[in-house]
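Would you mind keeping the following structure in view while I ask a few things?
Chains: A, B, C, D and E, in written order; residue numbering restarts at 1 for each.
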Amino acid sequence: MVLGKVVGTIVCSSKNDSMDGARYLLVEKTNQYGEKNGDFLVALDMLGTGPDELVMITEGSPSRETPLTTNKPCDALIVGIVDVIDETDRILYRK
Amino acid sequence: MVLGKVVGTIVCSSKNDSMDGARYLLVEKTNQYGEKNGDFLVALDMLGTGPDELVMITEGSPSRETPLTTNKPCDALIVGIVDVIDETDRILYRK
Amino acid sequence: MVLGKVVGTIVCSSKNDSMDGARYLLVEKTNQYGEKNGDFLVALDMLGTGPDELVMITEGSPSRETPLTTNKPCDALIVGIVDVIDETDRILYRK
Amino acid sequence: MVLGKVVGTIVCSSKNDSMDGARYLLVEKTNQYGEKNGDFLVALDMLGTGPDELVMITEGSPSRETPLTTNKPCDALIVGIVDVIDETDRILYRK
Amino acid sequence: MVLGKVVGTIVCSSKNDSMDGARYLLVEKTNQYGEKNGDFLVALDMLGTGPDELVMITEGSPSRETPLTTNKPCDALIVGIVDVIDETDRILYRK
């Protein structure tokens, strides 16, 4: 999984993926401190993620492994909202 | 999913994928403002996408998850035509 | 899918993929003009592709979606021989 | 598979992957000597890996091939804790 | 598939992949002349590959498509030992 911050929303027409209730978010990848690195992707959101929240994203085929995304052409899914990232004795990121 | 703009069409012979009605488009990847970045791929189109339209592309195994692409050797599919990309309070791209 | 030109042939022994009739070709990736970029991969060929032909290659799991490659450890397949690549009003490549 | 060292722990809320007992670790990729290279990913751990241990990580769809991760949106899994890496006549890394 | 040379062996404990007889090899990727390029991966070997042999590696989900790796979390498999790589009229590599 990779880390990223939600930076925007994508509105699509002519979708052929039959997930009309789905929300596509523009996500910028980050390092372990939550600092953005300029690399973007579009991920499906089913958690109600808000702007600038740090999220964990599953890419590729495993992103279909939820009830909503089964048999859908989705290759990036937000699977968790990050609360804390810590090293052995130090907090790297806190929500 | 990644963002890209349609820049051309690919005509193939000797296809072995049995999708004779399929249309392969040459797509150049873009950033979130719809600006092209010089990175190309070939994606299957089933939406009737026109030249220079900004599209959302699913890559890899999930691109087979449509009725037409089931059990076909397709690894990139146009899944939506982008209308609007916005940040919290600002439009980044409008069709 | 990506574009590439056939530049050589790979002869293997001790294969464990049970595709004894298969032909592995050395392919150099190209841009949309058919110009090689120095990035190589090995792809399975079932189309009788000749040297220096421009081909379209499917990578990853979808490359198993043909009768010959079903349930085989193949991650790159030549799916078409390119005849023409054109932009709106201009031919980029012709065989 | 790739090599990496465990450098931290990720705590998530609002997970939609139904693996409530799972532990997500922050892993920094390494070369064959166990030297970190600045490239991070988040991997699921089911082995009780400790901080700074060198691990082997499976990425993508195959990371679902364990009893716990079957049908879960997991795309990176720690599959082994490395004891020794050796070249023909030389130890590159020892735990 | 990609090309690589076997440069070492990985010994793991605490494996959770239930392939106790499997051998993990450290492989350095090469170009078409068999010259190493500094990029490493760990691949499963079932062919008895020896040190410094040039091999062909399948990555990702298709690497599970052998009797031993079915339903196992393996994402890189040695599928052949390369004997010869040739261009139209020239041998690039010979074992």
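One rule holds for everything that comes next: contacts are C-beta pairs under 8 Å (C-beta built on N, C-alpha and C of every residue); 3 or more make two chains touch, one makes a residue touch a chain.
Quick caveat, the model's predicted, so the values are computed rather than measured.
Q: By that same contact rule, can you tell me which chains touch subunit C and subunit E alike?
A: Touching subunit C and subunit E alike: no chains returned.
Q: Return the chains shared as contacts by subunit D and subunit E, ordered by label.
A: none
Q: If I superpose the C-alpha trace of subunit A onto subunit C, what rotation angle comes out, expressed in steps of 5 degrees from 0 to 180?
A: 145
Q: Could you put a whole-Å number on the gap between the CA centroids of subunit B and subunit E?
A: Distance between chain centres: 33 Å.
Q: Averaging over Cα atoms per chain, report the distance between subunit A and subunit B in Å.
A: Computed from C-alpha means, the inter-chain centre distance equals 20 Å.
Q: At which residue positions does subunit D touch at least two other chains?
A: Expected reply: 60-61, 63-64.
Q: Can I get the ring sequence of chains, opening with subunit D and turning toward subunit E?
A: D, E, C, B, A
Q: How about subunit B: which of its residues touch subunit C in the complex?
A: Of all residues in subunit B, those touching subunit C are 7-17, 24, 26, 40-43, 51-52, 60-61, 63-64, 71-76.
Q: Mind pulling up the subunit E residues that touch subunit C in the complex?
A: 1-3, 31-32, 46-49, 56, 58-66, 69, 77, 79-88, 92
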